[in-house]
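Labels run A, B and C following the written order; every chain starts at residue 1.
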Amino acid sequence: MEFDLLQNLATGFGAAVSFKNLGFALLGCLLGTLIGVLPGIGPIPTIAMLLPITFGLEPLSSLIMLAGIYYGAQYGGSTTSILVNIPGEAGSIVTCLDGHAMAKQGRAGAALAVAALGSFLAGCVGTVFIAAFGPPLAAIAQEFNSPDYFSLMVLGLVTAVILAHGSVLKAVGMVLVGLLLGLVGTDVNSGLTRYTFGVSELWDGIDFLPLVIGLFGIVEIIRNLEQPTLPRPQFSAKMRDLWPGAKDFSESWRAVLRGTALGSILGILPGGGAVLAAFASYTLEKKIAKDPSRFGKGAIEGVAGPESANNAAAQTSFIPLLTLGLPSNAIMALMMGAMIIQGIQPGSAVMTKRPDLFWGMVASMWIGNLMLLVINLPLIGIWVRLLSVPYRLLYPAILLFCVIGIYGTNTNIAQLVLCAVFAVFGYILLRFGCEPAPLVLGFILGPLMEENLRRSLVISRGDPMVFLERPISAVLLAATVAIVVLIVLPQFRRTREEAFQE
Amino acid sequence: MLRVRSPQDLGAGLVFTLIGLAGFYFGTDLTFGTAARMGPGFFPVLLSGLIIAIGLVLALKGVAVEGPPIEPVQLRPISFIVAAILIFGFLIESIGLALTAVLLTIFAAYARPEVKLRETILLGVGLAMFTVLVFVYLLGQALPAWWGR
Amino acid sequence: MKLDPKWLARCGALAMAAAVAQGTMPTGAQAQAYPNQDIRLICAFPPGSGADVLVRHFAEKLRPIANRTVIVENKSGAGGNIAMEYVARAKPDGYTIFVHAATAVAANQHLFKKPPVDAAKAFQIAASINRQPFMLVVDAKGPYKTVADLTEAMRKKGDKATYASAAPTGTIMGEIYKDVTGIKAVEVNYKTAPDSLNEMLSGKVDYGMHDPVFSLAQQREGRLRILAVSTATRLQANPDMPTMTESGVPMDLTGWWAAMLPAGTPRPIIDKVNQWFTEIVKSEETKTFLNGFGGDPFINTPDAAQALFLKAIKDWGDYVRLAKIMPQG
């Protein structure tokens, strides 16, 4: 097996390292980064927009370019999250939390560099996972039945509460509201619509993009505009200050490793795996930090961990697609569409019948990650300087890109109305001290949780023991209980202390 | 007269209670089902109930426990930004990206009192040219650049 | 040279005016020399989806034939209703072409209490594209080799039998199967067919009624076995797959895709679009492409296709009633 692996990688590198393919990889990375860095235009709209460019190329070249676009979009999205506090996708939301806080303290360079380096390391590990463990990992993912997914979602939702750095009660409330919002649309198990008020655009539920951009991006702009003086970036343009210091490195390398591990495993699971990875990493870092109160105010582990998790998951989420032919999330579905257009039927056949394609892609993943590191580190200086454009000129541009990103994905005015509605909603909630991040997690995981819960009960004909009978589900539920206990105990202690002080 | 000790908590409590009530009201015509065979209305009603409960607890806390005050709401930024978004949405199909980009920029700029009209229009035109070039021509997005489609 | 803001603004305005003059022409000129504008193919599903891949294939092939820019516009949502409404309201000038399953448009008339448009009056089929079946699939490791095997086993299982469905067509196929054979399987719904795979393989679900793309891919991977197809006659794409009818369950559930135009489009334009799509569908490349999707090329004149469409609207009303699917909305 070892020998084969090296042999295969050699084939792959041989195919991928041609001048032409390296050029396409570079082009893809650049385009992906440039579009992905535009605020409000996250990986999904970026890939959708750039997909047609890959059509005219031959299969391997187009896949390499597409992978480059994908990673570029991820890196670009992280950059936007840190610099402008606008997430382009679910996984970037946690990066905004501490990443932007660091940027406001003048440490944008360090944040970006740590994100880039952590992502690179995670990408390398992820690629190795695909190469060495692809099929066995995919086999594990195949073991997940509805009860297991339910338990996983419950675990994920509970971690959302730890995320919040304010009132736990409000965080729980936000998760529940997010869950409720996630129920809008057509119910899978019965085929009936819920909370759609006769509006056809709501039949498939509330789109993710308007919700996230409204709650985070637009609210951020509005909040900045309310300050007596517009934000002045405190960035130093000197390269020296853009680089993370020794302290930053020592604080973050462990977070990178943990994030990579989490992301590699969770990325394989279809439906929300990658999102969960970033959130879970943040939660983990916050929980085991010596001083959790730093989180939300610029703790570098809060950037290093989730970014690594995100990128590791981005890699391993290819596994179900490449080995089984099953896309595990919307981006993979796009990739699959791109492959089919090229005449490639993704699945295990690709590995055997066209090993040059499969291994060439794997090799180019590594190359792409390296290229992005090389591209992005110097670019950090440019992005930071771009931010020193006066805010009064910057924010209309940000607003315009956000709006184009939403409308371009789904040319329906309802999307923009929704965005505006969520902006107002997010504004009000923020005024009352409720953070939006738990809401988003509830929104994403909630419907999946409900769908799998009801489906499990239909299949088991109403027997709830099915959640404990299946080993995976039982383990996940036990972990959930453990975490709930961990949350609740300190609360008790604190309330008792407060009561004593009164 | 009750002294509101934590306006934020009270506000949050009210919002949650309202949301829960709305969820309840609009969810009751769905079948509830049983715990073993949940209908589409099971979760909506359950969640609404929980949200109302949290809302009430928060409201109580708002009256009983000290907390930070609510920052004053400024109507100008939020109104103009929301207006900018909606104007874009309602007009893009009729007058195209180039013009709506300019309009959006102008409306967004007026969210701050110290607007420089000439500079704003320049910015708008610049952004319009950039976005039309990149999104419509280079990337072939289905956004109309001009009117008359 | 001074960079006077006023001067710059004037230049910008002039540039824009010049661009406008070269831009899209007003529609007065539509009757002459069609096509003289960009053509948009409307897809009712998001980018990257199976449907999107198909529409993009046709966009690529149409470009050189029509000699114009062809853009794919995704208007997803509400099971296709959003796109339907959009196309029905579009100008009947041949520049907005709806590429979608005509049978899905027909089915939507009955799946919703208030369909957004009256399909029979709102659309004119310009050309049919392909015809494809739904498929009955089981775990490849399992013992069932024919529909008869499955039916016998399901009868024994009584109401412990379970089947997966991820689309209304699957439900309808499932209901017809139960109706004819008398088995009492419980339906389990999934958002997409791949979601059901794990449970079909672990034995929790006995069989599935799924779309051809998924079924063929999984059969190729060796994970599922296709027992029968839902069309009345066998497909050229897969001639060794028996039909449900042959296997004792008479049905003819054929989905067929078409290029549709808003009603009222002038006849010459309809014929032109028909000519284009027929040419594309006849090509070897497209034939292989369509076969990969589990379907056969399907060529008809606009009138023949329209007649089939009207028949489909009637038929699907019966199917939806039979499957006891409650109209939504």
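Here is the rule we use: a contact is a pair of C-beta atoms (placed from the backbone, for glycine too) under 8 Å apart; a residue touches a chain by one contact, two chains touch by 3 or more.
Source: prediction; values computed, not measured.
Participant: Which one chain sits nearest the middle, judging by mean Cα positions?
Facilitator: The most central chain here turns out to be A.
Participant: B-C or A-B: which has the larger count of contacting C-beta pairs?
Facilitator: Output for the comparison: A-B.
Participant: Centre to centre, using CA atoms, which chain is the farthest one from chain A?
Facilitator: That would be chain C.
Participant: What is the distance, in whole Å, between the centres of chain A and chain C, each centre taken as the mean of its C-alpha atoms?
Facilitator: Taking the mean C-alpha position of each chain, the two centres sit 31 Å apart.
Participant: Using Cα averages as centroids, what's the distance between chain B and chain C in whole Å?
Facilitator: Measuring from centre to centre gives 35 Å for this pair.
Participant: Chain A to chain B: how many Å between their CA centres?
Facilitator: Each chain's C-alpha centroid was found; their separation is 22 Å.
Participant: Out of chain C, which residues touch more than one other chain, so two or more?
Facilitator: 73-74
Participant: Which chain A residues touch at least two other chains?
Facilitator: Residues 52, 189-190, 192, 411, 458 of chain A each touch two or more of the other chains.
Participant: Could you check chain B for residues that touch two or more other chains and list them?
Facilitator: Counting only residues that touch two or more other chains, chain B contributes 119, 140, 142.
Participant: With touch defined as at the start, can you tell me which chain C residues reach chain A in the complex?
Facilitator: So the residues of chain C in touch with chain A come to 46-50, 52-53, 56-57, 60, 73-79, 81-82, 85, 116, 160, 162, 186, 188-191, 194-195, 197-199, 201-202, 204-205, 217-218, 220-221, 292, 325-326, 328-329.
Participant: Which residues of chain A touch chain B in the complex?
Facilitator: Answer in residue numbers: 35, 49-50, 52, 167, 169-170, 172-173, 176-177, 179-180, 183, 187, 189-190, 192, 194-195, 197, 218, 221-222, 225-226, 230, 392-393, 395-397, 399-401, 403-404, 407-408, 411, 413, 415-417, 419-420, 423-424, 427-429, 431-434, 450, 453-454, 457-458, 462-464.
Participant: Write out the stretch or stretches of chain B touching chain C in their complex.
Facilitator: 98, 118-119, 121-122, 125-126, 128-129, 140, 142, 145-146, 148-149
Participant: Touching chain C in the complex: which residues of chain A?
Facilitator: Touch list, chain A to chain C: 48, 51-52, 55, 142-146, 186, 188-193, 198, 200-201, 203-204, 270-271, 324-327, 330, 333-338, 340-341, 345, 347-349, 409-412, 451, 455, 458-459, 461.
Participant: Sort out for me which residues of chain C touch chain B in the complex.
Facilitator: 5-6, 8-9, 12-13, 15-16, 19-20, 23-27, 40, 69, 71-74
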